[in-house]
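By letter and in written order, the chains are A, B, C, D and E; residue numbering begins at 1 in each of them.
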Amino acid sequence: MDNLRKKAKELLESKTVDLVIGYENGTNGKARAVFIKDPEKTGKLIYDDRCKQNLAVYLNKHEVKHYGKIAIVAPLMVMRSVLVLVSECQLKPENIVVLGIGEDGSLLDFPSLEVVEKYIAKIPLGNPEPDQVIIDKLNAMSMEQRREFWQNELERCFKCYACRAACPMCYCLRCTVECNQPQWISAPAHPLGNLEWHQLRTMHLTGRCVSCGDCGRACPLNIPIHLLTMQQAEEAFHMFGVRAGTSQKADSALSTYKPDDKENFIL
Amino acid sequence: MKLGIYPGCSLTGSARDYNESVFAIAEACDIQLEQVPDWNCCGATAAHNMNKELSLALPARILAQAEKVGMTDIVIPCAACYSRLMVTQHELNNDPVLKNRVSEIIEMDFKGTTAILNVVQMIDKYVTPVLKDKIVKNFSHKVACYYGCLMVRPYKVLQYDQHEDPQGMDNVIRLLGGTAIDWGYKVECCGAGLTMSKTEIVGMLSGKIVKDATRRGAQAIIVACPMCHSNLDMRRPAINEYTKEKMDIPVLYITDAIGMALGIDEKKLGLQRHFVPVKMAEYIPPVPEPKKPKAKEPINNL
Amino acid sequence: MSRIGVFVCHCGENISATVDVAKVADDSSRLPGVVHSVDYKYMCSDPGQTLVKEAIKEHNLTGVVVAACSPRMHEPTFRKACATAGLNPYLSEMANVREHCSWVHDKGEQTTQKAFDVVRAMISKVSNNGALEPIKVPVTKRALVVGGGVAGIQAALDIANCGHQVILVERSPSIGGHMAQLSETFPTLDCSQCILTPRMVEVAQHPNITLYTYSEIESVDGFIGNFKVKIRKRARNLDEDLCTGCGLCTTKCPQKKIPSEFEQGLGFRPAIYTPFPQAVPNKPVIDHDNCTYYKSGKCKVCEIVCPTKAIRFEQEDTILDVEIGAIVLATGFDIKRSDFFPEYGKGKYKDVIDGLQFERLASASGPTQGMIRRPSDGQIPKKIVFIACAGSRDPAKGIEYCSKICCMYTAKHAMLYKHKVHDGEAHVFYMDIRAGGKMYEEFVRRAIVEDHVNYTRGRVSTIYELDGKLIVKGADTLLGAQAVEIEADMVVLATAGIANDGSEELAQKMHVSYDEHKFFAEAHPKLKPVETNTGGIFLAGACQTTRDIPDSVSMASGAAVKVAALFSSDLLTREPIVARVNRIPGPSHSTCVGCFMCQPVCPYQAIEREEIKDRAGNVIKSLARINEGLCQGCGTCVALCRSKSIDLLGYTDNQMHSEVLSVLEEAFV
Amino acid sequence: MTPETKIIDRVALDKLYESLKAAGNKMFAPVFRNEQTDFEYNPSAAEISYSHIQTTQSVKNTVFPKIENLFRFESGQKSVELVQIDFTKVPRVIVWNAHPCDAAAFSALDAVFNWDYVDEIYNARREKLVVIGMSCIKADENCFCTSVDLGPGSVKGSDILLTPLANGKFIAEILTDLGKSIADENASLFTASNGENKEEVLAKVEKHFSHEKVTENLKDGFENPFWHEFSLRCIGCGACAYVCPICTCFDIQDESKAGNGRRLRCWDSCGFGMFTLHTSGHNPREVQSQRWRQRLMHKFSYQPDRNEFIGCVGCGRCSRACPVDMNILEQLVELEKIEVAAK
Amino acid sequence: MEQFEPKLVAFVCNWCTYAGADLTGTSRIKYATNVRIIRFPCTGRIDFMLISKAFANGADGVIVSGCHPNDCHYTSGNFHARRRWMSFNAMLTFMGIDPERIIFSWVSAAEGAKWADIVNQSVEKIRKIGPFTEYQKLVQSGIEEENFNG
């Protein structure tokens, strides 16, 4: 943590970056995002187990982008999100400094995104264990049971779009749900509208989700929607061998193909 | 420097000499070789002819044992063992389902992260960097380096050396002050496991190897595989039967050559255990003659 | 509110026999937006079309639905009819009630219901149609041919003979390509240079062809009909207008021992040289790497001896900017060299040579004046082993494909050898003999039967040198994989044909896709073999895959016709079925967020980056833009776009959405 | 009427619930499920939670549901016909076990839905609503009812307010005629009060700030850099608005198939970027700080100004629901402190 | 009991399956009337949401068909589509919506008979599975509940 603060301070003092995004102590024992411009305030920075939010979401935010070059405290999911955002032209590599956080909480030195790529290449990627356990459980259920499970869960959704807002990959200016010519998604939060919305979100994140789980954490109604995108992340890996957020190149699962992609359902 | 070593069956039996020379040069170069704890048979040829899962499970268990005690690099002097472990690691790392299945079979977690080294790779990585200062006496001999099959093939899996014309041992010999000849049988078959059942075939195949090396003036054949060694060395009667003349070219392990250059006692290298006595005169390569311009004339001047 | 006219066709009895057409027309007339609905015997007939035209005028229709046969049949007919009546042709749609309904179902309520459902869906779609205007793109009638081998020469001549300007760019100092290096050609054994050189001269003299040799493509911008190309003309270091090609400089150059590229390293050339005597243009270039002057600052012998004082040591590369309407890529191929094969000596045995080297040995103008002599000592080899498929069809070597030309030239080589060395022995190791082509199989048979070439079906595992001989170890698979060992004097490897050096970079400059082996990719393997996915760029010859001379020449003529067709009018008219990125008022300008994930999806490289700038010129936003000249209207980008910022004209989201909803509106019977 | 105080024990309370449910009332009561406590329609008495501090959602759903069908329409070839909803069929809903903050929120909703336009369906639902409140004996760090003139035992908005006692019994304050009629119908379930004092059991909720001061500070606080600083963290979701008992923003959606359909009123949030986007492309609230400012200004400046009440009951739900720890209490405390720079 | 007649929509590409279905017609091969064909330029154009929309609007089954791999008129539209369907199928399966109701196929312009087979098989299959009540129920639920009854 001291290393992190020191490094952040250095970056701000040397004007290498204009802003540091990290975690601070929030209210009621929570950790939360903090935006530091003043090198003297880097003492606020913390990193511990409570720091779960995917800070990359702020890299899309107009007000935050405005600051210029940004250093971001980046545990694995943030690193991966940064790579996705770079690959999707939402972030210029020269505008970001990744303050990597290793699995043991130590500060990792990433002089460039290429080194981030190399680091990620060495790490086993996948869904967080507890989530994968639930996914496996769901996959072991019958189709009917799964349908019931999701119907009960999704029915409760009131479409506050916290899932969308929390996701770094949901940066569209106009989301498909806001498109009414044609009305692709039923806007009201009724069961059909909710199903359509979550199908859309899941498909749009297929091959792009970095399994951070922030959508699920953001949901005020505790609907485990993160399982949907996480399951797709695994599927994309199994089917296409692609994991999101491993390179700066634009090669996500659904915008590329292989002539010999294997499926077993097309007659 | 501490490395793991997997001896397999032959190094503790018929290839004791190889084992001795590997340990001897390791010691001379401050490499501590530590056996993989509680190792088992690699399965060799038998297992993969019978049961695929078994053929993978046996080497996987060896590797898992090494992983368990935190060995990151293991040396495998026997080319057959090397091949089996490499193939297993390659197959399992490319098939997560199979990997899980094998992990279940061996009831151990198999990660597949071990660096597996054959003897020449070990020499390249840990011996050659320190070799220069340790050479007592140049290995001034003209030799034929023989690689056989399993050290370089299948290339897809091993990705080691240029498989059709490997140079690993040739380079080591040059470094020791010796001369490595260019010959035609570097990667030919020695007859391998037919040594028991069809000795005459081994006689023929190994005979061709020994003969080619001899007629090109090699003073010794250098190998890095206990099977190759036993066929070329121990099967000399069968070879002589084929060649119709007595071949007396000795067969050395690459580690023997290094050991000799390092001045290690012959007994310590196990040379006395070889069937063909290790006797070689010194060989000084001729200084290349000055270029005759005539010989270099282009053919359009013919 | 739309004013739609519905026209239901009987198609004689083809439709009316199973569909109650009157009911369909009647039910349709009650649908919202429909102001006119009739049925008629033959809608496509003149009176039928007149019905449509008159209704458009009379009812002031804003959309037309013709329920008849497949749109693949008559869509153009009715679009034209609408246009004559003053209705935008893209405001008409066809409901397929014949191929998809009356012909595949029995007479009955369901069939009529289906016909009505389809009509209703099309009414719904057409109410969302927009008027579209065909896209007109101006065409610069000047072609660029890249590569001056036989394919490039043929393409350039064909285009030039159509009366269009052609710029032919060749990287080496002379045109001619590999064909100029060949001794004789199969299956006729006529002299390659004899048939090629007249063509080379024709190129040089053609008034419509501008030839740039020793030149390369620097960059390519623009799109079909409107390319902007930069050509780097490398310095020859002489004034080409003054040089007469007398060749005095080349004979006086003190550097004489530079391995000749043209002779495949078997002969030498000076530092100022023309690659071969018949070179076009017959003007030398100076090879800086080997020239004494450039290395030491002294010499200038060529300058001194030049009778016209044409040498220019200080000359620099020039960049030419040209406007081009169409491009033909004819950059040819290369072959693997013997050093690619460690099992065959990895290039260390001088007498293991490749096919092109053998061509030079066999060529009357080659380093041995056509005598077959082995490179190591100049002796005439008494036994030659030819190895076909050296590298080809070998996944272990990363070359899975068949190089296609080797079977034939190996037969030719063996035959030429036997013709020149009567007591010689020729052995060929092959995997299969692929001699498909006119007179090809006969040619191979001739080699075997008349010239007694020994063909052995099997691979060669290794070659090593022993006592001045090359020991070739192989297997004869037709004799039960028996081991074969031949002591040869020389070995000729029919090495795999590969993509030419630099083809990847060129493809990237051209925005042309290429396959895993770096050969350029055709637009469609069967139906668009000479087109690329980039409009206006065509392929000729072996740059697409290795091919022989007749194939290359036919392909070149094919590409030339494509160019000529493109140049046949001043404006290129394209169907306006193209994708478009939406634009909205600022500050957003478009709902596109510029993720550019659509870019790799587009098979035509039609998606460009558009930068929106503020008044001060600062880029405030990057977004995707579809180049309408390149877009072919597949719509893959549309379905991929998450923010629904791209739409496909003619198949818009609104149109497709309303069609789907409408077709499901009523319960099927 | 003059409030009466009675006592009811837990068994009788469950009986009261069941009998009201049996009488055909739609009961809206909190239940612990999916690791959270939230209101549901018609749970059984046994399922009802009495131990929670706060439910995830408020009770505004009963009068301002997340989707409200306003009317239907059917179209012929030429014209469109409207089919009105029969509001008289609105069922009686009894909010059971609502904390005082929720009960108090209804008066704010009443004001909004009757301010310039009298909302028929809202009023139809509101008239049929009964609120059985429950005083708070527990509170947490997010609760701040006392700072907005309410309290853990506040009677505002309840028809009957229950207060749990240490002995397991409940004080029942019968506050309105409606409350009285329910008590009277079930008189046997209640016993007389022995002067139990509810103040003794109520949760202690500290007063954190003066809302008057906040309102005053906000008057000139429109351009304060505070908004930018505090909202940098906000990701612009609608969670706070959706769980708020007073937020009433809505969006109108038509859903139709084959020309027939319905017009729906759905929840919306001023926190969404599209909320104020004009067709012209101009967005008066272009960035999140302006939207966040709108949220707080609306509650603590505009509404006090227009309707003379604060748009906040201190329930703390938004702070709990916020995925990024935008803590409203923290910010209000700050707002109270800031000195508005003189212009 | 009357036989259940399923409603199917077919999303097909213009160049292969639409032409193939034309050939079915020209060859006069009969097939079930339950399918309505919608023409797209390419399978790459088909948005997965359209499939959802079809179900939401009463379809019991959807056929999606285009050019065989490597035969796409636009070279790669069907390859992209294939990845999209693979992902979509995986998602539906995980959500407990049986993707059996979507029939994917490659039908070339020469496969008129195959088209008839695909339609007939699909209709039979969906007839056996029955009406898509789970989805259609979703469409009706939600609002009535919030209104007055239930």
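The rule we apply is simple: a residue touches a chain if its C-beta (ideal position, glycine included) is under 8 Å from a C-beta of that chain, and two chains touch if they have at least 3 such contacts.
These numbers come from a predicted model, not from an experiment.
Here the chain-to-chain distance from chain A to chain E, counted in touching steps, is 1. Here the chain at the heart of the shown protein, by mean C-alpha position, is A. Contact count check for B-C and A-D (C-beta pairs in contact): higher for A-D. Chain A and chain C have CA centres that are 42 Å apart. Separation between the centroids of chain C and chain E, computed from CA atoms only, is 36 Å. Computed from the mean C-alpha positions, the centre of chain A lies at a distance of 50 Å from the centre of chain B. Distance between chain B and chain D, defined via averaged C-alpha coordinates, is recorded as 81 Å. Shown for chain E are the residues in touch with two or more other chains, namely 48, 53, 57, 70, 76, 80, 84, 142-143.
Multi-chain contact residues of chain A, defined as those touching 2 or more other chains: 174, 176, 184, 186, 188-190, 254-256. Across the assembly, chain D contributes 66-67, 257, 264, 286 as residues in contact with two or more other chains. Partner chain A is touched in their complex by these residues of chain C: 588, 591, 593-601, 622, 640, 642-645, 653-654, 657-658.
Interface of chain D with chain C (complex): residues 75, 77, 257-259, 280-282, 286. Residues 88-90, 171-176, 179, 181-182, 184, 204, 250-252, 254-256 of chain A are the ones touching chain C in the complex. By the touch criterion stated above, chain E contacts chain A in their complex at residues 48-49, 52-53, 56, 69-70, 76, 79-80, 82-91, 93-99, 103-106, 118, 134, 138-139, 141-143.
Note for the complex: chain E touches chain C at residues 5, 7, 9, 14, 18-19, 21-26, 28-31, 33-34, 36-42, 44-48, 50, 53-54, 57-59, 70, 73-77, 80-81, 84, 116.
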